[in-house]
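Heads up, the thing below is written out as structure tokens.
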Amino acid sequence: MSAPAIEARLCVRYAETDAMGYVYHGNYFVWFEVGRSEFYRAMVGDDPGSFFRVYGMPAVEASARYHAPCRYDDPIVVITRLEELRSRTVSFAYEVRRDTDGALLATGRTVHVCVDGGGKPCRIPEGVRLALAAGRAESV
Amino acid sequence: MSAPAIEARLCVRYAETDAMGYVYHGNYFVWFEVGRSEFYRAMVGDDPGSFFRVYGMPAVEASARYHAPCRYDDPIVVITRLEELRSRTVSFAYEVRRDTDGALLATGRTVHVCVDGGGKPCRIPEGVRLALAAGRAESV
Amino acid sequence: MSAPAIEARLCVRYAETDAMGYVYHGNYFVWFEVGRSEFYRAMVGDDPGSFFRVYGMPAVEASARYHAPCRYDDPIVVITRLEELRSRTVSFAYEVRRDTDGALLATGRTVHVCVDGGGKPCRIPEGVRLALAAGRAESV
Amino acid sequence: MSAPAIEARLCVRYAETDAMGYVYHGNYFVWFEVGRSEFYRAMVGDDPGSFFRVYGMPAVEASARYHAPCRYDDPIVVITRLEELRSRTVSFAYEVRRDTDGALLATGRTVHVCVDGGGKPCRIPEGVRLALAAGRAESV
């Protein structure tokens, strides 16, 4: 059994393009967030908002490789997989594809650490950790 | 018969919030664009991208009133109506509502002028104008 | 004596442009915020950050008119004036000009209401109100 | 002799913060761009805008590590170094520091490929390449 790949769909906003005519590279990190939110929603329950009003999951690392550009109004799918789950951190891997032809536009990875309401690193709450664990590859 | 009200749905992104815990006011103008794109898609055809690669519709006016805040992960509906259509300009009115309870979050309005590939104001192409006209109130 | 006009300078970021090659209209509201922050800094003291960690000043209205476009790397000056000051609200007027030739790019206006840490509308703290009042036109 | 480290200064915008109260991680890539623009300005001449209206330098890779958070109105310095220069690509390394105490907030790296007006990868124009080369470490 391989790790669940959760898909989130969006359409390129004009605001996300830049003067080269394509999406600004920094905005892919926002799309990774859209994918990650969908992952939390699928795994943890239908309301990542309530979790994120108590805890934070700030990024400690983020990276992307850009393979092909995309333009205003292109339909996009963000495919998110949980890569590694530890007691306090979780990392995700992303693929961004054009949803018409499946062309790979970008890949990326982010690592997040759980913090409590006061901003202190803490263990990921057990219920959330178990729910996320269901999204891990079998080898874990 | 009243003017068509085209609905576009989105979910609040964490990137769209600010340190007050709610969506930053400037981002509503991006949501108005999401609504407007959906309006073009519904009225003009399924590909506003191809039109906007030849012509531009830069904003000459934009305004918003904020009625209630919204937070990360809130489901949002943007309701877009064509307000006025002239030979070179078009104006839209927007309502932003929380999609769970219909609460009104913001209203707004933008006015756009058609420009050609060289950036010169020009008449809205006849086919597009007629298609948009179908989205006007009956009194027009 | 006329109202102080506080100037803030910035350079157009590539991220702020869109596929038309010019700055996306929604980003002018961020520039208004840059001007407003400079106004607070000039009037209230050198640290708007500390005020805004206790109180909020969410926008209840925002509007802009766009006169001319601008491009990546253009030097910009945002000129901010206090327009009206009440017990709980304050409104600002903005001019955005290209800093090389003074060309008017946009004008705008925002209205803000003071809220306390719990998000409830409240009176603008007296010290802040008096400091802002120094930025009002003489006729007030 | 070590590689020139070009400094760019900015102040955290409220629009750049998120609901955790700190700057959204994706916005650091915009700050890297601010640093890179300053590097081009210092090395290539005072007008990166004119170069970027003919050529593009889209990112093919981007990464960041986040060491400490920062808040609205914090003064920031972005320190940019040229890391590697090839015939068609250039990579930059960044440090983002709080400008009051020098605290390291983030480090990052981006790789860019030169493209011509038609979007095709091409050699970096000789004049630009030589100017950038002056910003390389001696060991290169």
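Lettered A, B, C and D in written order, each chain numbered from 1.
Quick note on the criterion: a residue touches a chain if its C-beta (ideal position, glycine included) is under 8 Å from a C-beta of that chain, and two chains touch if they have at least 3 such contacts.
It should be emphasised that the depicted structure is a prediction, and the values quoted were computed from it without experimental measurement.
> Counting contact pairs by residue number and requiring over half to coincide, which of B-D, A-D or C-D is equivalent to A-B?
Match found for A-B within B-D, A-D or C-D: C-D.
> Please work out which of B-C and A-C is bridged by more C-beta pairs in contact, and write that pair.
Comparing B-C with A-C, the pair joined by more C-beta contacts is B-C.
> Would you mind pulling out the distance in Å between where the CA atoms of chain A average out and where those of chain C do?
Inter-chain centre distance comes to 34 Å.
> Find the geometric centre of each of chain C and chain D from their Cα atoms only, then give the gap between the two centres in Å, rounded to an integer.
Inter-chain centre distance comes to 27 Å.
> List the centre-to-centre spacing of chain B and chain C in whole Å, with centres computed as mean CA coordinates.
Distance between chain centres: 24 Å.
> Do you know which chain C residues sit against two or more other chains?
If we look for residues of chain C contacting two or more partner chains, we find 14-15, 19, 22, 26, 30, 33, 52, 71-72.
> Write out the stretch or stretches of chain B touching chain A in their complex.
11, 13-15, 30, 33-34, 37, 47-49, 52-53, 71-74
> Quick one: in the complex, what on chain A touches chain C?
By the definition above, chain A touches chain C via 14-15, 17-19, 21-22, 24, 26, 71-72.
> Sort out for me which residues of chain A touch chain D in the complex.
19-20, 22, 25-27, 29-30, 33, 52, 56, 58-66, 69, 110, 119
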